Amino acid sequence: MTDTTSPGDATGIAAQDGAYARPAGALDLRRVGAHPDNWYPVALSSGVRGKPVAATFGGERMALYRGASGAVHALEDRCAHRQVPLSMGVVEGEALRCCYHAWAYRGDGRISQIPYLPKGVGRPPRGVRAYPVREAYGLVFVFPGDPAQAEATPLPDLPEYSSPRHRTMTYSRTVRCHYSFMHENLLDMNHQFLHRGVVGRLRPQLLGYEAGARSVEARYLFTHAGGRKNRGAGLLAAEGIGGSNSADVMTIRTEYPYQTLTLVPEKSDHPVFSLWVAYVPEDAEQRTCHVYGLLMIEKPRVPGAMRLAWPLIRRFTERVFAEDRMAVEAEQRAWDEQGEDRNHEVFPLILDVREVLRSNGVPLKPLARPCG
Amino acid sequence: MTDTTSPGDATGIAAQDGAYARPAGALDLRRVGAHPDNWYPVALSSGVRGKPVAATFGGERMALYRGASGAVHALEDRCAHRQVPLSMGVVEGEALRCCYHAWAYRGDGRISQIPYLPKGVGRPPRGVRAYPVREAYGLVFVFPGDPAQAEATPLPDLPEYSSPRHRTMTYSRTVRCHYSFMHENLLDMNHQFLHRGVVGRLRPQLLGYEAGARSVEARYLFTHAGGRKNRGAGLLAAEGIGGSNSADVMTIRTEYPYQTLTLVPEKSDHPVFSLWVAYVPEDAEQRTCHVYGLLMIEKPRVPGAMRLAWPLIRRFTERVFAEDRMAVEAEQRAWDEQGEDRNHEVFPLILDVREVLRSNGVPLKPLARPCG
Amino acid sequence: MTDTTSPGDATGIAAQDGAYARPAGALDLRRVGAHPDNWYPVALSSGVRGKPVAATFGGERMALYRGASGAVHALEDRCAHRQVPLSMGVVEGEALRCCYHAWAYRGDGRISQIPYLPKGVGRPPRGVRAYPVREAYGLVFVFPGDPAQAEATPLPDLPEYSSPRHRTMTYSRTVRCHYSFMHENLLDMNHQFLHRGVVGRLRPQLLGYEAGARSVEARYLFTHAGGRKNRGAGLLAAEGIGGSNSADVMTIRTEYPYQTLTLVPEKSDHPVFSLWVAYVPEDAEQRTCHVYGLLMIEKPRVPGAMRLAWPLIRRFTERVFAEDRMAVEAEQRAWDEQGEDRNHEVFPLILDVREVLRSNGVPLKPLARPCG
């Protein structure tokens, strides 16, 4: 796939129906797993304190705990002995002790003690799997894939998170759909009809887009065509979204496996906010994902204004998100019932992002279900 | 099968056990689907107003909506685009617009607009399936089968519904069992033991029955043998059911796919009430059905008496129905656990109605469940 | 398997890891069913009075009822006619009448009456299965296996239950795990870490154990190493468990299919209490068991002391049991997710009790689940 820009055909609609059907023989996108050789957030830093907590990536259960040194460790969440979750255990220094028969593990997953195993007696060589861990942006990231790739794989770069000119609103919640529905939802801004009750009539116009081997980036011009205005939206965009006579440029980018969105108001040369999002599959079939979002908002010039605006922005974004969730979960339910993807997509950049997600992911193994 | 009348053997009990086992090789009745080439109620008329509503027949999801003309339309409940339910959408004139990307459909299922599809660009040829719809008796009927058969297939004929001498009580609820259990329940009046707490000791005596290719009709003489009387029952039957010294004739008829019940008191020549019922499968496996019932009751001569009797009749019928539901749902659970029909039926007319339901239905396809 | 005693290696830890892996080709222990040719409690005697009640053994549903004679009968819980549960029925003398069409059964499962079946007409030869029943120790025992074995198979012998010097506390609850997890839990006293919040730091030391073809018996010395004391525990063991400076001998025995535990305080020659437990599989896959326990406690010499101690003992044992349940249910969930036993056991007597449970049980048939 090569980069393409199509300013001449900004609408990006194909003249021939059927041109965008799933490629023959291609794997169903909803059966493609998120590639594990990436850093995925699996918890908020603030949630990992004295007690271990359970986390998950694509059905792999993990026990996260913060050792006495302050470092967070991530172990396979099953004691090597009898598979009781280590997240039910107790932190001791840098070690984690299983709640049941008190086997203890180091942060690298090796067994450090079996209390009733006397000295001189061989200890089971097998411990549990440990995952590389990094903390950044208030999130705990793990690397669920090949540990040898972890070092060379960069975390996302979010300079605005620690910039004094910005303040960050953090989101964390579960959505019961395959992560690909989330990418498609955000990239296809023609879905503003869904938010008509919150944002009024917004007219998104595609200015152009680029697609690469690991990315799709779309630029939209947003104009407000009347209807109800939302105060939170106005505050968020400095009277951009939802404000009258506004014409803002919204840029949405899937850069595998993350997604970003920025808004540049009409008379500005830099974003008033940018959003970074990761969709982390929870279950083995990856029909549920956990959304971690960081909304980095430029502070207004008037001191104290941000503090007043904060709850309104929270409320506005929660409402928009609730509507998106309703739609993508309905998509997942339809897929579940039909057992396959029957989408009939007409928007080229969505077809491109589907190809990006398909080619960068990994096929999911069917679940073992005993029959007969 | 030919019509048979058996007044000489009114009890209808076979002399030889085992004569009534399921015919060798015959399909399990609980795996036979209701034939779609019939009119089935799927909603109350009063429930289809400004907003679209979801309905279902045998796992096929439908979006019902009432257009500006007042006509009700029934569309496949999945947008052609991304399969989000159209019942989550918005009615616009005679059209239905999907809530997500605002694709709009006509009542015939064809796409009338894709807002972001510019003029001159080809629209996807495929819309969604539309079902023939008719409204009658306060119900919305759809024809889930071959639309070409709809015109020639009559709706049930219920002249009493609009007669000024009658008043109709309407029932609508879900019962978690295959529809066939409902037919068998009503036709086999030997189950009065189930209702002993409500109706006292009723002695049903089979007077005779007829079976045809699409129907079974049974006539019972009901005498009251003591025990508790129910006021609602008495009112319903003009002191027939539950009244002392009563001897009423109850006629129950399965006329595929519907069922009727009428009661003629001892000293009368016409029914004091008649009941029409349809059992509409909800899920694809048809292990749940929605019951729509119309109980058409002759008004008493005393003005105002009906108004007083109404809540008592409602309460009585609800109690009887709750007991029936308990029994048929227990039957379905037993079938679910055993995975097959192990009924050992001894009542000939029940064996006949089973054959009517089997031969007029359609085999259910096993659900696709991924294994391995 | 021969009896083995290992006082010389009281810790019982193997020097070679991997020596205790599941024997090649051996059936997964969690797929071994409890052998039906034993007496299993399925209800408390006090719960079987005027109305029939539903019970279950390994997915076999039973209707228990007490006839006019006072004897309890156990029938297959599905009417031969239409498989409605007989436990929804009505007791009449020694018979049980189905709630639906009023078929009546004797305690031996034979049909005694079909009310609408006229004299001279053949009755279906098949009734329902009846199970041998015995009542003892406040429990209703059934024999789910070959009825011919019932007579010769003894009930457990619990003389302390009726001894005036003891009082019995009865337990009855469901635990969502395979019964084998329960045996392993109780026999492996190294799990005291699980109860650290209730009993403080207990140091169990294995004194020795014996394993036979149907039994494993382990003896532990318990010393208290500090931490919180529990009043209930102290009362239960006459200041044994949880009391300071205590050193009690606890003996735990699996005698297929039951389990017992006795505690002999340091300066005594007989138990201060003994516990008898049965784990009765509820579902066909035996992933849930019902625990019936009888805790027979020696009465203290001070009159009235038992009455005061009773609620504290109840509270203490309930807390300990709740912790055990948390652990064994977590084990079952891990097995469910992994689809197989991945235990890595290092304690020899646990390996022996697994072999006892495996060799004395029966393989579970996989559940019939329709595919495709």
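By written order: A, B and C. Residues from 1 in each chain.
Criterion: a contact is a pair of C-beta atoms (placed from the backbone, for glycine too) under 8 Å apart; a residue touches a chain by one contact, two chains touch by 3 or more.
Fair warning: this is a prediction, and the values are worked out from it, not measured in the lab.
S.K.: If each chain is a dot and touching chains are joined, what shape do you get: line, ring, star, complete or other?
M.R.: Here the contact pattern is complete, since every chain touches every other one.
S.K.: Report same or different for the chain A and chain B interface, where same means the shared residue numbers exceed half of all residue numbers found there.
M.R.: Copies use mostly different positions to touch.
S.K.: Could you give the separation in Å between the centres of chain A and chain B, each centre being the mean of its C-alpha atoms?
M.R.: Once rounded, the distance between the two centres reads 47 Å.
S.K.: Hey, what residues on chain C touch two or more of the other chains?
M.R.: 368-369, 371
S.K.: Which bits of chain B are touching chain A when the two form their complex?
M.R.: 78, 80-85, 88, 97, 99-102, 114-118, 121-126, 368-372
S.K.: Using the touch definition from the top, list the residues of chain A that touch chain B in their complex.
M.R.: Against chain B, the touching part of chain A is residues 11, 13-18, 188, 190-191, 193-194, 326-327, 330-331, 334-335, 338-339, 342-347, 366-369, 371.
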